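Labels A, B, C, D and E are assigned to the chains in the order they are written; within every chain, residues are numbered from 1.
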Amino acid sequence: MEKTLKKDAFAEWLKKLPSYDVYVPVEDDGRFNYEIVGNAGAIDESFTNAVVGPKKVVFPQREVLLRFNSTNEKAPEVEEVLPEEKPAVVFGVRPCDARAVTLTDKVFGGDFADPYYWRRRNNTTLIGLVCTEPPSANCFCTSVGGSPAGKDGLDVVLTSLGDRYYVETLTTRGEKVVSDGGKVFGEPAADDKKAAEKVGTEAAAKVERQVEGVNDLTENLRDMFDSPFWDEESLSCIRCGICTYLCPTCHCFDINDEVLVPVPLTGERVRTWDNCQFPDFTMHSSGHNPRPNRASRLRQRILHKFRYFVENFGDYQCTGCGRCIIYCPVGIDIVDVLDKTAAYER
Amino acid sequence: MSDNTYIPKLAEIIDINEEVGGARAVKTFKTVFLNGDRFSFLPGQCAMLSVFGKGESMISISSSPLVEDYLQFSIMKMGRVTSALHEMETGAVIGVRGPYGNNFPMDEWKGKNLIFISGGIGIAPVWCVFQTALGNRGDYGDITFVYGARTSADLVYREEMEKLAKELPVHLSIDVEEPGWAEFVGFVPQNVTDKKPSPKDAIAVTCGPPIMIKFVIEALKELGFEDEQIYTTVENKMKCGIGKCGRCNIGGHYVCNDGPVYSWAELKKLPQEY
Amino acid sequence: MNDRFEPKIVAFLCKWCSSAGSDLAGVSRMQYPANVVPITVMCSGGVSPLYIFSAFKRGADGVLVSGCHPGDCHYIKGNLYARRRLALVKELLEHVGLEPERFQMSWVSAAEGAKYTELIKDFVDTLRPLGPQAKLRRRV
Amino acid sequence: MKKTGVFVCHCGINIAGTVDVKKLTEELAKYPGVEFSEDYVYMCSDPGQNMIIDAIKENDLDNVVVACCSPTLHESTFRNACEAAGLNPFLCEIANVREQCSWVHRDMDEATEKAIKITRSITEKVQLNEALEPISVPVTQRALVVGGGVAGIQAALDLANSGYETILVERSPSIGGHMSQLSETFPTLDCSQCILTPKMVEVSKHPNVKLMTYSEVQEVTGFVGNFRVKILKKPTYVDPGACTLCDECTKVCPVVLPNEFDMGLTGRRAIYIPFPQAVPATFTLDDKGCPGLLPIACGKCADVCEPGAIDYDMKPEIIEEEVGAIVVATGYDLYDKEKMAEYGYGKYPDVLDGLQFERLLSASGPTGGKVLRPSDHEEPKEVVFIQCAGSRDPELHCAYCSKICCMYTAKHAMLYKHHVHDGQAYIFYIDIRSGGKDYEEFVQRTVEEDNVLYLRGKVSKIFEEGGKLKVWGVDTLTGKDIEIDADMVVLAMAMRPSAGAAEFAKKLKIGLDKDGFLAEAHPKLRPVESVTSGVFLAGAAQAPKDIPEAVAQASGAAAKAINILSRDQLFHAPMVARVNENLCTGCEMCVMVCPYDAIKLEEDVATVNEVLCEGCGTCMATCLRAAIEVKNLRTQHVYDMIGACLVEI
Amino acid sequence: MTASVEEIRAEVKKLLDEGAVKYVIGYRNGSAGPFAAPAFFTGAGEADELVWDPTCFHNLARFLADERREDVCAPEAEEDGKKPVGVVVKGCDSRAVAVLLQEKFVDRDAVYLIGVSCEDGGVIDEGKLARKLGTAKVEKIEFGVDGGFVVTTDEGPIKIESADILDDRCVECRAAYPVVHDVVIGEQVDRKPEEPYGSLDEIESLAPEERWEFWERELGKCIRCYACRSICPMCYCDECVADTIAFAVTADTTADEKAQKIKWVERSPDNSENFFYHLVRAMHLAGRCIDCNECERACPVDIPLRLLNKKLEKEAKELFDYDVGFDPDVPSLISSFRDEDPEDFIR
């Protein structure tokens, strides 16, 4: 289903979605974040990419799994806490981030489908915004199977055509949101579809960063487990969690009991994002750590994304958004690292 | 109750046996589910135990699936959760979720001789498969048990072991000489070499400290065992138990789902990340 | 019981002066509000900023640290380290916008039961109008 | 989980009157880890203690909380009871619900809630407590007494007579202190020298006393029972063994210096004996006055010394000693001359201080016991005595009362009258403090029998006019201005801690009070102990006091020291700091803050000397990486206690 | 102007040639844009890759912690192990080294400090640059010949006044010339900022409630990636209050010890947890933070962390006359006191 939307009618559309949590990229001192807004006027098109992608909507950094209390003296009471069934719609989703959600779908699906994730995921509508320009100089989506106009994971795609958007609806969830908008949408002109496609193609051509030898990547990484390469590349790594916390595809988490009242014991079992770059991530309580140093952790990040994930799910676990490059405080550059693996003498 | 796997079922501790004292204390807990919950599992699988307020810990199930009255866990006091478990008394209620992981392919082993080799607390996962084999005695050939610990006081299930010794070959060992110890003195791999189990139609199941496993495997190879005849279990830090939280992987394998049971043939292909 | 807000206060009292001073208040049957739960430490110099932050995090409406007067420290100079360290804690808490009244430090000697009594009365009176401390308190 | 027993004491109605002890007991019974909770009317009574003992045994308790009065009162009672039941005493803690709760609140609900929180918090603490053993330390059964005045002499004699080898260190060439300078002593007027000299001799001849005069303690390390002391023995340049006391040397010595013994009223030579009864009786060559100790420059004394006792090459010696206890009796000095310029002190030769006047009165003094003016050797007929010269004057001088001046001024005036029958003595005073046996009677005698004129008021100005000292003052009783043409003025100067006391206190790690006197551990209950265990205080070093008080305190200090020395081993509280070597990075911040030098770096890791550590925890709060903690009051203990304080009941 | 890169390279080349150092920590061009990145030089041949420009933000003293933990360039030969590590240090970085020396975390002879004087330069503020240039694509940033910066964009080079894009830490810098060093490249300067704590004026002028709102908003953003602590040269502790697991585990560590590791902070990034973490970190850095501002630069969500640390730096100076990181031989702020330390806040 194709429509058009005048940009100045955007606010109108939002007004028609009162039952949703509406997320829109909001600027704060040069950095964008998806935030729930009552009524946004428009999507700020200057927005590059949010610091944290829409991952946080379907997989929030903190989620209560259950509550427990032992007010009753004998057995503790355990209460399952599933997220509220509240629909959310996220506007301005970049194709790389939407595609990333399809990857976390894979992880949280399967034999043990994750009820928390899916409760949110099934209630979330992602409204994409085709990149007219690569949002950053470090975008490399085209190297890893994506594109500035990619549609994977999106429910609706907006492509900017001057004063209006070309609106493509891809899923039934998307249809709902668009039909809620009703008359705010217009019908597309005959060549709008072409014009929209052109926007994507042109943007793709502007993606400057490319991973060399991308086709051989998984193969190149196969024999590198014990390579000194990781020592060399990880020298300046400071083991912070930026690259993975901000990564739209990273899904690792921790589960902890948070005691709210010690007596009588009351608390929550909470899942929070965790991070393979933290040294305690894999540390056994004996003190033994299978990944004891920066090198082994960088290796895990790269191999997980470009080898293990491919083996397990048939795709790279990277959509080329460039966040880990942009925000790494010590200039570790995943494209550069991957390029070097191609050239590395094994 | 919900089918949400993160929600533990409540289980009452009905029996606690202090196996080993001191700094590396081991206790064996028997638990029964409350609220009519059920649990079916296969030998080698694990369960995530909860002590509310402290957290969760993945523990191998030591009792056999043939035992329906209770689940048994033998746990070494190690960190936050296991210390809290060690502080508990009978009647206390914990959470249990699972079962998780793969299992020993006991069906494939039918008709074979089984050799169980373990050290210290490594007996916990082996005990389940061992008990199951005993329960289905007719399905298997000879059953041999080789077990050792640092000192006689560190031997888990010692009483049971001594009873069993009347029925089948049980080879105990301790690392250093002790007065009154009549059995083997030395490390478990040396005991294996000493007892020379035959590789013919045999399956060896070994679990214990990594260094022990390494040398047991060497000893078994010396005796002519093939990689495919040797099984072991692996442990890594786990949080979810269902292959999502991302930390227990060895290469592309998630120990919680794809393990913890591996034949040596499988395990040696994986990177050293455990 | 009335509905008046009763602030919860944790007081870290050094064993030799302030705790002894509060004992003296007791011996002298002086009266003060029951809002303060004392924790006796050996010396105010041993009060870590962590204790203070943690008390606020776990719901204290006010925190008091009390030690010996300068020169009277049983450990000679522990209170002088405390004075410096806790001055910084106070500045920091105020900097992030916690009401300055919520953290107090005092010198109370073993002979100053009356001072301890006044201190607690005043502290409670100051905290009452502020209401519960919700800023640093963990969400329950 | 460890099993805790909670015992709630009613203390009659002292606790139970305000705290609902039943509710407290019940609430605690529900608390995690509490196996047993019971209340009783008097826990400290025998039945109460037996209840604890039985409960420990019957319930196999791991630790005990007694909710009762302040731990300062019955902590040891209950710990002993626990020990009797086979429980380590450090697994017993006191929850103070009396002084800090029932006695200070009236509302029973509020007090009960607070008592529950206090007791819970102590329960949390005790559950983390470790069984500790007191740290045992062997004792060096020798003592050091610093200061050879009457207090030091007394302490040394008491120690020596009890069989302990004692080192008596005096920095001047002779022991005796200020008491040896005095003429007569109040209120009995016996001759000071006559009563002191035998003690001086006794101490010098005592087989258990090692007398070290002209020596100073340079460094004190170690701890109670095991101090190591470095003593600097200054060279006297005279071999006391060879010296025959012939006095030929002083006759040829060309250097004249003020005579300290006579408070500068006379001179002495560079080589000298301080006073005829000096102990040890030997000459000392004062190298500060001698012309550079260069025999080329002078060498006259050596030339005339027949036995060849003079040795210009004598060097300072550092002598190291080990002792188990230290008595500090460093005495007092008079207030600085410069600070009393308002009374012309130091400017007019006939304005004297009390000690100078003592010398004038003394038969062995510069005037042979005649009261003569220093300026013209005339007998003064009008003498003004001014009390509180420098004392009780918080604005300008010392805030405190020097305590002995009222008495000695009375004595001065009286003795003056005994010497100069036609003379007139005036005493300016603020008020008269004559507490002490026969003291008030003594003062009355001064007034009534010797007609000394007491003037209540302050002197505003003293100046010289026509060979007289004009003393302007006010009699505050009559309100009249007073002007006296005096021949002599005697100032009852404030007493100060002796020079160097502050520095010495630092070496001993003992505190000073606000006035600079050595601080006692407790003003009431531990008046002879310092804050450093094993270091005791005697005499005017601690506060102004007269001879009997100084002597009494000296005996007290000696008894306290003997208390330590009489044991083979000492026990030290085991709540000391412990280092987690895995976390320590060797930054030395704990070393810097430790008041007892109990922490040293060994192989880049902090190491605690448990005997020195007093467990204050300053290191713990300073350590940036939680690598050092005090046993049984670790961060974890406090963390859990805070939690218990904040839980709603 | 500032030091010449050729001179720095020459020094590094010399050190590596002579084998005087194990390796040198310096800067190279980053691969992902115009900013420099930390680099480890082991051979003299690599020295030409070293750069010195206004994007050499990183406080390389941070990497000395890895060196001490032997988590870096494992010394190949015993002999090598004893050699010092060469570190390129700006003034601020040298103050960090001074604190590390003061805390005996680093031995003076374990480091060879190649000081670089910032003279009248400094590093730029990425945010200010972005605001100044808008969307123009920056290719290169260099020091101007006579002060200021030259920024090359896709539209060519432009000169920008220092005041426009200089980082606040440099505006308020009191050590443009390295305080400890083995060699210094560049001129000796004695830069005195007009208002050394000027950046605090705004927040200090706020009412307490406004300050609270400010921090609640800012710290509310924290995602607890711990980049601030990871990049900090002073956050070298093996074990942090923010970690819930005991790191310093050896064979002797008992289960009880591990079990009792206090959970001061939960991992949940919510308000009270975030405040606790940041307050503790600020206190921990009191008297230790040398204002390299790396925490704030690293922060992916732009929390103005410098305002926390700077506040305590200011108070240390004003209350206790304590200057951080100028003299490795003085006792640290919290392991010392003065009799005249203020106590007017104490009742």
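One rule holds for everything that comes next: a residue touches a chain if its C-beta (ideal position, glycine included) is under 8 Å from a C-beta of that chain, and two chains touch if they have at least 3 such contacts.
What you are looking at is a predicted structure, and each value in this text was computed from that prediction instead of being measured.
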| item | value |
| --- | --- |
| Partner chains shared by subunit B and subunit D (touch criterion as defined above) | A, E |
| Most distant chain from subunit B by Cα centroid | D |
| Chain whose mean Cα position lies farthest from subunit A | D |
| Chain pair, C-D or D-E, that carries the greater number of C-beta contacts | C-D |
| Centre distance in Å when subunit A and subunit B are each reduced to the mean of their C-alpha atoms | 39 |
| CA centroid of subunit B to CA centroid of subunit E, Å | 49 |
| Inter-chain centre distance, subunit A versus subunit D - centres from mean C-alpha coordinates, in Å | 73 |
| Inter-centroid spacing, subunit E versus subunit A (mean Cα positions, whole Å) | 31 |
| Per-residue multi-chain contacts in subunit B, two or more chains | 78-80, 82 |
| Residue numbers of subunit A (touch at least two other chains) | 254, 256, 261-262, 265, 274, 283, 285-286 |
| Where subunit E touches two or more other chains at once, by residue number | 241, 249-250, 253, 258, 264, 270, 334-336 |
| Of subunit E, residues touching subunit C in the complex | 203-204, 208-216, 241, 264, 270-273, 275-276, 279-280, 282-283, 286, 308, 311-312, 315-316, 319-320, 333-337, 339, 341-343, 345-347 |
| Residues of subunit A touching subunit C in the complex | 260-261 |
| Touching residues on subunit A, where the partner in the complex is subunit E | 28-31, 33, 46, 51-52, 61-62, 137-138, 235-236, 238-242, 245-246, 254, 256, 258, 270, 272-275, 278-280, 283, 285-287, 293-294, 325-333, 335-336 |
| Residues of subunit D that touch subunit C when the two form their complex | 70-72, 96, 98-101, 103-107, 109-111, 113-114, 117-118, 121, 509, 511-514, 531, 575, 593, 595-596, 614-618, 620-622, 630, 633, 635, 638-639, 641-643, 645-646 |
| Contact footprint of subunit D on subunit E as seen in their complex | 103-105, 236-239, 241, 248-250, 253, 260, 262, 264, 284, 288, 331-332, 334-336 |
